[in-house]
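Below, chain A partners chain B and then partners chain C, in two separate complexes.
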Partner chain A sequence: MVRDYNNRHALDQKLRGTPKPANADHLEVGHWQAIATVLASVGLEAAVERALSSTPDLSLRYCGPGEWLVVSGVDTPLGLMRRLDMLCGTQAHVVDQSDGRVLMRLSGPSARQILAKGIGVDLHPSAFALGGSTNVLCGHIAVNLSRIGEDVFELIVSRSFAESLFEDLMTMGRPFDLSAAFSD
Partner chain B sequence: MASLITCPHCGVRPKEEFAVRGDASLIRPASSASDAAWHDYVYVRVNPRGRTLEHWHHVAGCRRFLVVERDTVTHEVYSVVDGAAAAREVRR
Partner chain C sequence: MTAYRLSSGGLLDRSKVLSFTFDGRPLRGFAGDTLASALLANDQLLVGRSFKYHRPRGIVSAGPSEPNALMTLGSGARSDPNTKATVAELYAGLTAKSQNRWPSLGFDVGAVNGLLSPFLGAGFYYKTFMWPRQLWEMLYEPVIRRAAGLGRAVLERDPESYEKSWAFCDLLIVGGGPAGLMAALTAGRAGLRVILADEDFRLGGSLLGETETIDGSPAPAFAERVVAELLSLDNVTLLPRTTVFGWYDDNVFGAVERVQKHVAEPSATLPTERVWRIAAKRALLATGAEERPLVFGGNDCPGVMMASAIGTYAQRYGVSAGKSVAIFTSGSSGYRTARGLVARGVTVSTIVDSRPEATEAAPDGVRVIRSGAIVDTKGRKRLSGIVIERSGFEELIACDALGMSGGWSPVIHLACQRGARPVWSEDLKAFSAPDVGGGLRVVGSANGVYTLSGCLRDGAEKATTIAVELGFNAAEASLPVIENEAEPSFAALWYVPGAKSKAFVDFQNDVHARDLGLALREGFGHVEHAKRYTTSGMATDQGKLSNVNAVGILAGMRGVSPAEVGTTTFRPFYTPVSFGALAGTSRDGHATPTRKSPLHEWARKNGATFVDSGLWFRSAWFPRAGEKTWRESVDREVLNVRANVGLCDVATLGKIEVFGADAAEFLNRLYCNPMLKLPVGKARYGLMLREDGFVFDDGTVSRLAEDQFFVTTTTAMAGAVMSHMDYCAQVLWPDLKVRFCSVSDQWAQMAIAGPKARDVLQQLIDEDISEAVFPFLAARSMVLRGGINARLFRISFSGELAFELAVPAGYGEAVAEQIMEAGRAHGICAYGVEALNVLRLEKGHLTHAEFDGRVTPDDAGLGRMVSAQKPDFIGKHLSARYGLTAADRMQLVGLKPVDRDKDMRAGAHLLKEGMKPSTLNDQGWVSSAGYSPVLGHHIALAFLKSGRERYGEKIVVWDKLRDHEMIAEVCDPAFVDPENKKLKA
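Take a look at the complex of A and B:
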């Protein structure tokens, strides 16, 4: 039997329809964002981190010792994989997660207050600095949280949890009139 | 139960991010050890009052196993170390 597969974004159902204008607090969902996980071989963690962080348009998100999520704003998923394979060679295991993870960017003056409703980590800039990233629990869902601006946070979540996290975030942001849309 | 755990990789985190995986002070017997030794290792556990060593799995964070030393009466946490580092320490 021949079956057609539609490559659907995990939040297509939620964000269907004409985009509404963005409010002060806005949740932007990355559309076909290139994401990969990199797990360094034992003993080569520092070398891999140096190779990755020396590349300007790759953003490195800390997951655990020797493990990162790499986000690229300029590459296609395939291009990112090729670039990482060249950078890391046999020093690390690289797995494409562009279809496996969903990236959401929360921005606005109340971003911290919204996140504080679900995240048990101090988000004050003195504790969670600009450029910082870590895996945290948001409600009951494990996400990778990073601060990319004073009031701008990015959450990376497994695809199958994306709808649930999206609903949670919209509920958390309702008093602040949080709006949501795809990024392009 | 101790409600804040200082993960050596992630920093201070609420206990909801972790799964407690049992006694960390047990040492696995040799494969040639007696059935009684293996029975004790697999099934017999103490229920201590006071200081204990436990494996905590940081499920929602770095996903590393940690060895947490805590007090079951006062909920005080004395130390948290990475499981791999603790295992190397024991082997030495």
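Take a look at the complex of A and C:
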């Protein structure tokens, strides 16, 4: 009995179907991405951070002292695990979260205004600069928020909460005609 | 006609006529009107009935302090009771209804209370309806509440939508009057992130009703210029129609924005109201000052208004409150208002000045009566005249509007919401704001600066100071030149003696001066007591107009300074905020998030009935055609698992991965049973205690590698266990080399249970999972055919031969489907949490129904798990307390009904036969109960005093909630397969 297994995205039911054109404010849900938690061994936090941040194609999201979510748009989940294991060796523990997290990218001129409805963190560029990331609550839901552009933010949320967060974001974006789709 | 629209002037768009109705009567106003100004322009003086005596009442103010003009706006589910007409922006199609009257505003039956008023003094209800005591709750209070009260809440579902938003700024300015605008301009030009909030729909505050000229142009034009510049600055956010209602810790302010309360057809995409939480590095309170009413006989007659309100209606709204206006003043403001009115063409007949000497000049042709006092008013639903008394000489003067000007009180509520008390200022004859530190400063009239030039300067200077504090370069502001400036001064006049009729202190609560005297006589002279005794300063306006006079009168009665009387406590909200706005979007399905399992779609396709379980949405049972009740489905699922095999979603369990050289030591200290020597490739049941020795949570610990563990928790305690571990690692044992993270959402975990479980599962896996190779409690990573990375655990909650299989969440559905297909020949079924619960109950396995925080391991029959060898673990020391080791503690037992048809439910208590139910006679309680399809009767788990010694004893199961009593036999809690033969098959 051998078969190919389908991987179902947490928002499959919400977003499957003909893609609608993206509006100025748009929520793009990552369909395929590799995400891993990296936990630096005690005392080796700085070394691990150096190793990770000097690697191309990897985006580092701060989660706490010595803890990051590493996002890759080019690796498979398994590939990312291998790459991180090689990179960190015994300096860190690496955990695959590709299936456990959902990545949403909110972009557009109203992105900050939309997020301000759920997130109690100052998102002004002077306070939350490009490349910054942090664990925050969006309404009732814990997310990792990062700024990857002037008006572009990424939210990483636990899979079981993804549908609720998605609905909340769409409600928050309603006055701005927020659109949503899977990434290509 | 008395009140009327002036032929020109006012900040109105007279080309935009707005039709509206009041109590069904069609009326017209202009764009720029408030409901109150439009009503006045239509000579609708009578707008409501008072709370207690149902006296006719008219509009008093032109702003948020309004005590009388409370109306219900809109209709049906969209109606808004207790809306102040003085702040409600007029729109086309608005429908307003007066309140507190029956059958009509003009003829109100409740007015009979006015005739009974000699008997209805403060405290009347409490004194009269004292006994019989039980009637208070049953009869008196409901009847009194129905007769009193303000407005009526609507019970229909609120169709409006609401939202909340955070905002951050360097400087929040509360109030858009002269001081606020000047501060915003100064800070905005300096580059600060500024938010300016004002409750009015038009920014400008007192500038909109001023008669002075600023830099040669009228005050409203100046305001318009400043607003235009502020709008051009990117770093300035203007929030009109926004009331800052509260000041909270960390300089966070609460504000409510009326986004579309003023539109006839609200947009579906916008909220009706928006609550702002504004985190401000600095804040300026530029809320201005409130003119005080005067307390004299008949001062509540419709037509008696605040003098400044009459001025505002004339200047801003182009409405004259009457054909012949009189002013009663204790200071210069009354003269200033009179001058403004005369300039607008309003006839002012008389100024009654309480002071013997005054230097102010009255406008030409206006009679001034010095040392005068009004002791009564004439007219019932409309003022027709005032009675003036001077040294015993009474004179009746005809007039149809009277302005009261009793001096000014700074509006300082926000500054006093966090415990600091207002400070009495003898200079200002008012309570002023306390020093609450640099986070919140008071500016302009709110700071006791009453001249226009002074307000502008104060605003500019304080904004400059703040800019410098925050590291900005602030240019010296050039201040505009003011002409015809008046310097207000007044004499404190709390009470006008000689009243010939009721002299009201608090209009909204019908409190008159004599009520305060009664309160003092009866020992309620403390300002907080007097408030409760008389209700002065309660209800929707919270005494914005009345409080200072009440304090002054109490001070006069007690013969002390107002400083000694003090004020009542200021609390949020400054003005009422609707519950809808406070709830925001957190209603219905959005009240809490819903968590969905990665197997949700699989369960749905298999026809699951779902149940809310905490935040989770879990499959409860899987009904099949022909099954009429949930019990039929659950019984079938249980029997099928016992006979064949079933698949159950257990993905909701908490899952934590633990790493590090000290990971084993860390877990060894967390759990009460040993974990140090758990072999790689093995799982173990683990029990965590709290420090106090009671069970905290249970779960499994699997060792995947020497320094890597996989821990599961119960669904309910997943978050709590994670926090507990964080606390232990960071605070208790920071020296341990351990790291961990939650992988709860990464893995779709499913239980495959039943005698045929292995046969089904083996079809998906190449590796041998036979009893010899993969025995009970084996735990290992493996790869499914097709290349899916999985983890397999030989653990069982049902007591059957069982596996738990974890696959990456996205593959959960596909793998579950594959297992169902592989199991079809073996009679596999999907089973839900109900069957899961019955299976564990039959086996005597425990959940948080048993571990309710009062249970020790020994109580639960797990005493042997507690390691005596380990040097330490959480809960070890307090477990040895006498109370936790006493022999008569309640211990876990099973219960079987003696009469097999009888059922039991959780929550019932246990009694010895023949004993009366009482706390003393209580023998224990039922923690879980259900029907066992295997045994064919109900079973229960219970905690019974010294229960393990009492197997075979008959005991009464007493369930008062359902009025149910039956006899059960005490037995071993493992009802099915106590020898664990099936488990290890």
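As a convention for this text, the second predicted complex is superposed on the first by the 178 of 184 C-alpha atoms of A that agree within 3 Å, B and C clash if a C-alpha of one lies under 4 Å from a C-alpha of the other, contacts with A are read in each partner's own complex, and residues count from 1 in each chain.
To be clear about the criterion, a residue touches a chain if its C-beta (ideal position, glycine included) is under 8 Å from a C-beta of that chain, and two chains touch if they have at least 3 such contacts.
Note that the coordinates shown come from a computational prediction; the quantities given were computed from them, not determined experimentally.
Chemist: By residue count, which of the two partners contacts chain A more extensively, chain B or chain C?
Modeler: C
Chemist: Looking at A:136, would you say it contacts chain B, chain C, both, or neither? Reply first, second, both or neither.
Modeler: The answer is first: A:136 touches chain B but not chain C.
Chemist: Examine A:120 and indicate which partner it touches, taking first as chain B and second as chain C; both and neither are also allowed.
Modeler: After superposing on A, A:120 lies in contact with both chain B and chain C.
Chemist: Should A:160 be classified as contacting the first partner (chain B), the second (chain C), both, or neither?
Modeler: In the superposed model, A:160 contacts chain C only, not chain B.
Chemist: Contact-wise, after the overlay, does A:168 reach chain B, chain C, both or neither (first, second, both, neither)?
Modeler: In the superposition, A:168 touches chain C alone.
Chemist: Quick one: classify A:50 as touching chain B (first), chain C (second), both or neither.
Modeler: neither
Chemist: What is the contact status of A:16 with respect to chain B (first) and chain C (second): first, second, both, or neither?
Modeler: Neither: A:16 stays clear of chain B and chain C.
Chemist: Counting contacts the way the document defines them, which residues of chain A are shared by the two interfaces, the one with chain B and the one with chain C?
Modeler: Overlap of chain B and chain C footprints on chain A: residues 67, 120-122.
Chemist: If we count contacts the way the header does, which residues on chain A are in touch with chain B in the complex?
Modeler: 63-65, 67, 120-122, 134-137, 142
Chemist: Under the touch definition given earlier, write down the residues of chain C that touch chain A in their complex.
Modeler: Touch list, chain C to chain A: 163-168, 193, 269-271, 277, 279, 585-586, 589-590, 592-598, 601, 616, 657, 659-660, 708, 737-741, 743-748, 763-764, 784-786, 788-789, 808-815, 818, 822.
Chemist: Show which residues of chain B lie in contact with chain A when the two form their complex.
Modeler: 9-14, 16-17, 59-64, 82
Chemist: Name, in rising order, each residue of chain A that touches chain C in their complex.
Modeler: Listed in rising order, the residues are 1-10, 12-13, 37, 39-42, 66-67, 77-78, 93, 95-101, 113, 116-117, 119-122, 124, 127, 139-141, 158-161, 163-165, 167-168, 171-172, 174-175, 177.
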